[in-house]
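Okay, so chain A shows up in both of these, paired with chain B first and chain C after.
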Partner chain A sequence: MTTVMSPTAAPVPARPASRPLVLRIVDVRRWPIHGVTNWFGVGCVVAFLLIATVGQLIGDPTLLDAPGAEPPSAEYWFGTDTLGRDVFARTAEGAWNSLTISLGTVLLSLSVAMPLGMLAGYHYNGRLDNAIMRGLETVQALPMFVFVMFVLTLTGTGTIEIGPVTFGMRTRLIVCLALGFVPFFARIVRAATLVEMQDDYVAMLQVLGVGRTRILLSEISVNVLPPMVVQACLAMAIAIFAEGGLSFLGFGLAPPEPTLGNLIADAGSQILEGAWWYATLPGAVMVLGILGFNLLGDALSDALLGGSEGGAE
Partner chain B sequence: MLEFMVRRTLNAILVLWLVVTGMFFLLRLAPGSPVNSLPPAVAADPLARAAYEAEHGLDQNIFIQYFDYLFGLLRGDLGTSLYDGTSVMSQIASHLPVSLELGGLAALLAMVPGFLLGCWTATRRGSWSDGAVRVVTVLSFSVPAYWLAVLSLVFIGQRYPDMLPTAGGFVRFTEDPIANLKVMLLPALVLGLSTFALVVRSIRAALIDVLSFDYVAFATAMGMPQRQMMKRIAIRNAIIPTLTVVGVLLGGLVSGTVLVESVFQIPGLGQLMVTAFLRQDYPLALGCSVFTAMIFLGLNLVVDALYFVVDPRTRTSTQRRTAPVMA
Partner chain C sequence: MSTERLRSVVGEGFPLSRRGFLGITAVTVAAATGCASTSVASRIEERHRDGILRIAVASAPSNINPLDSGSEVTRWIAEPVVETLYAYDDRQRSVPLLAAGEPEVSADGLTWRIPLRSGITFQNGDELTANDVVATLAHVNDLGSGSEWITYLLGYVQSYGADDAYTVRIELTKPYGLMRSHLTNLPIVHRDYAKRKDAMMGTGPFRLESFTPGQTFKMVAYDGYHGGKPDLTGIEYTVFQDGATRLISLRQGKVDLLTSVPYHNIGSVRANPDLHVDEVEGPNDILSYVAVMREPFSDPWFRKAVAAATDRHGVLSKVFGGAAVIGQGPIGPAEMGWDPDLQPYPDEPDLDHARELLDQATTERRDFTLTIGTNHTSRDMAQVLAAGWAKIGIDVTIQQLAGGPWSNKMLDRSYDMLMNVFQSGFTSGPANYMALAPAQSTSVLSCGFVNQEVDELMDTVWRTSDDEVRAASLRRINEILVEEAVMFPPVYPKIVVARLATVSPLNLDQLRISRVAPQNLSLVPGGTDE
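And now, the complex of A and B:
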């Protein structure tokens, strides 16, 4: 699931020179066309995005419009729950919540971890590097999920106001999850930066008297971006899983607001005689998202890093 | 080797201390700290409030409280639960074995078949069975354990209720080993599924890598039987990169026990921790977190030591060959 790049063992990844990252992603010729799984992954992600966006336009997630639990039909695609709410509409809304929180998490933690990881890698084995690594190890002493649960509880349940900014549940979830992801990204950025540091161009820039900030910002950051795009995809999958788990346990958005996690929890707490759809379908949408982002990460790794078929690990 | 392990152990202890310190102070400074979340009847009455704070030592300087906690931790005293006043240590002692059993069982059920399947599929690279295994493994680690647990409650639980530990059906191992294993089997399978998939994938990738090396071709060319070559050369080398993934797997298993225990209502450390967090029972939550961190760091140390067992080359140097990326 991760691309392991240890400073000593990994070969320097071959860099297709001088083509902007976006072009490399868009360039279909570089996509392994024969990889059915890659296209399947793209399909899953597109389907998940469609459910989360367009799906919201269909039905009302809070309206009690059926008399009780009904199996899937032409009117209610995913059936209804015990209160008679449309499960499809709730799933779509839940998928949207899940998507926005996960995306926010990944973007926020990337923006914190990139500078941290690059600084640590630039000062490899230096005092700054040691301090940063020790900090990351402390965060990682608890498994990520448990750590996020801990931080989330710390912040209490009410809204927090810092100056003019109000942190609602959603922002708080994003911040806490992002904190848990920082070590994950920072270590990868650091490893990628180490690979770059061994390259001649860095030494040359240093000899020319180019400052640290400029080398990091305009040279190294661009070169560590491809592996980060791949990791960001895999992190999206983990974030969807983690957000679901938190709201499943009751740490996420509060229940009238649907999330994929609390829909699953709800289905588990009121096991209905034969109401298979409530337990199955919202969870299946979540699997669609996780599976899609996992496969997309693999596909991007093939396209951007030239990883071999067996080298995804 | 000894020097390396001593250094790793000292580092783990340092990290553990940082964790305890960080968690303790964060808890006290947080908006949801025990001082701010007193029971309503207590918070309204200044006298009751003072008595409550004195009883829990909250009226003292925060640093004194911190050193009290730290020395208590060294003596094995983690304070008492705010919810029912029981000793945190005894709560943990009664819940921890259940979690260890669940995690151990899941690891066993995941790693042994995962290892065998990974080796098998690596030798059949590119065949339809390899493709099928790939699809199955990607699917298995994309399925969240808590969803699978709910599904098994709905679909298996209605037909075979004795397979599930819910609704008071949980039996301790010491009371009735067979009944205990029967109710633990399903949760352990659910928990172990994603671990299984990751083991298969990493063993397969590592073995394919090793099989392309010259020394394997040489051994084969010299007439070494394939079975013996796999056993003596290929698999031994493939285990080394797989060990680096184990850190990730351990994290997954520990987080997984939290979720799976709460679905199946297994009275383990994970369920205890979730309840403590939801009730905002700080001493208990802190104690559970410290223990989780201790177990997690300890297991990672064991993995570090395993490098020396598996790879004789590392015994002479203090460097570990590969660095883990994520945990």
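And now, the complex of A and C:
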């Protein structure tokens, strides 16, 4: 039981606070014992992260080392592509690119969606709520993937310079994908804020004269964070998939920079030549990322939301 | 899986042992594989009963007017339908086709009179007259028509008309030696179809019966063709944008011929005994030039360093599967003006020499953007080249643009280096004049290179009627552009066509000027003896 001090220093009963978020995530006792899939998800994410980070230290993704496409060997773990480049090095670099774009996308969209969603929820049914929600619905009118392709088609795939700022393809991909995610996150934040607003502690804080900003930033934001962490994890999986799809269609990073999507796109015709490794292995790494983050999201949901509902505290 | 376990899965009545089950499975798989192999042959045999040749192409134009584009994308589809006043024979000499004989040219070279053959009919039965040729000329000389031919004729053609039903008169503003080349490549269409973008009507052996834009084109044999009835009853073109899908369709016998064999699959196509691959050196160029008007390519040492560090062998082996010739200047081995002795650049990058050249450069820039088309070949080529240039410390950004934006870059000169694959056989036959246009300072496509000798030689190329003078001028232009490192394509790709063994051989002399000429092919039951 914690207390919130009013401006007059009078003790006010507050909502039972949870343990810090990080402690709740790492507390394995909260993870359902039957959740093999949860652990499998963690394993997939760890493997994906290892390939994306440590894997990058092995080999040069742009070096035209081999004479042509070669199957996996001790020298080239994932084989080489038609230009003689190490597919493992390119997959690792591609996974890193996918990871940074997806992470950037989720963080950017969260940083926009959190304040918007909390403001909308705090002013439920008010003018601000209506304005924000109608705006988000406008963005949502197009499916996210179509929306991103639409924006990238309009802006082209080259570099854009606006004044002193240069927007490379990576930045634009992050911004476009993040724009697509904002309505998704904002709606969840708004709903979570509405739930919090029903709690007594918010009313009491208001009665005590605590400012709106402080209530939103210090109290409500902390309590809407757990569902957002879960959703962010699931969104990571969607973002990896979306980035891969966009790269596959030629809307991703320019060559020779690899992404998991453009590696698979380039490999398509090579399957005819018997070069199974060229598409299969980068594809498997992509599956690791997508599956892993999905399962991890489920696991976090069990740990953060399911656990607290079950009164594990 | 034990027999008991198998039985538990499929039921107690299952009579087979594990080994028996696996044996039957193996036999079934083998039989299915055998049937699959047989079914391809039988499918082809069954399909060929209708006498239709099926061709897979990589793309098709939305505007099918053959007067508007000289690219192979349009003209490969138009080949069986339209014909020209003159045509190339197998020694690539221009000989009369729809024309009744050689043009009568006035002493000052400004008036051309072309006699037409009588009795030639279009596929709708109308007779070919001078009015059809005049309508064709009117369309390609109209600035608002969007025809690519305007770039060849503007400023040269003053007027045109019909002296009588079978004589066409063309008045020129100045002597124009390339006129004969244009008359050999410009298709003649029915006067009512000259402006249409959704139909084509010519005097060729096949009539366009129907088409779905961007997908399929169906042609039927025209019985009234002046050259005799063709062997085929029809020709069908199907668009498969993806190279792998195109190739699978050929391997499965769904199509008979492939016009654009993906270079990265060429090895397996060559190895397939059921397929024949025709590879010829042709006017298939990699347009490759730099913006000389600004840094870093305004610095000749920088240009020469880049040219010396170009990985020509890498592009040849890794991108084109060997189906190309090492590049030097803009004029390739199948084109007029080719100089086989001009080889200033080694096959492999000369990195030490390139670094020495780069040290002499005054520009501080060590980076540039390479703007390429969206096709897979261009992308692979750019990556190999960028890797080579990176070895001397030049950082290259690859920018891929679709046709329209790529052309805009070329026209507004907002590029560092441009590169794309370009075939010119249908506009220039065994030459490629447009590829050289950026080197001429007065051209709208000028890359900023100013050299009076090149300008004068280019003028000679366009004006002279003497092929030897033209060839000598082209050789010198090529030499200057190589020396100055303004245009240095890494390779000259070959034109590659693949076909089933059951299709008669292509005329390789015609393929050297981009003509696949499917109208002259036939289906051979049992295959050819090649």
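Note that the second predicted complex is superposed on the first by the 277 of 313 C-alpha atoms of A that agree within 3 Å, B and C clash if a C-alpha of one lies under 4 Å from a C-alpha of the other, contacts with A are read in each partner's own complex, and residues count from 1 in each chain.
The working rule: contacts are C-beta pairs under 8 Å (C-beta built on N, C-alpha and C of every residue); 3 or more make two chains touch, one makes a residue touch a chain.
Computed from a predicted model, the values in this text were never measured in an experiment.
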First (chain B), second (chain C), both or neither touched by A:T280: first
Contacts of A:A191 with chain B and chain C, given as first, second, both or neither: first
Partner chain(s) touched by A:I264 [first = chain B, second = chain C, both, neither]: first
Touching partner for A:G209 - first (chain B), second (chain C), both, neither: neither
Greater residue coverage of chain A in the superposed arrangement, chain B or chain C: B
Which of chain B and chain C A:T37 touches, first, second, both or neither: first
Partner chain(s) touched by A:T82 [first = chain B, second = chain C, both, neither]: second
Partner chain(s) touched by A:P256 [first = chain B, second = chain C, both, neither]: second
Chain A residues contacted in one complex by chain B, in the other by chain C: 156-158, 250, 268, 271, 273
Sites on chain C touched by chain A in the complex: 242-244, 247-248, 262, 264-265, 267-268, 311, 314, 317-319, 374, 376, 379-380, 382-384, 386-387, 390, 397-401, 405
Chain A contact footprint on chain B (complex, rising order): 11, 14-16, 18-19, 22-23, 26-27, 30-32, 36-37, 125, 134-135, 138-139, 141-144, 146-147, 149-151, 153-155, 157-158, 198, 201-202, 204-206, 208-209, 241, 244-245, 248, 250-252, 254-255, 258-259, 262-263, 273-274, 277-278, 280, 285, 289, 292-293, 296-297, 319, 321-327
Chain B-facing residues of chain A, complex: 1-9, 37, 134, 137-138, 140-146, 149-151, 153-158, 160, 183-184, 187-188, 191, 237, 241, 244-245, 248-251, 261, 264-265, 267-268, 271, 273, 275-276, 279-280, 283, 286-287, 290-291, 294-295, 310-313
Complex contact set, residues of chain A against chain C: 62-64, 67-68, 82-84, 156-159, 250, 254-256, 266, 268-273
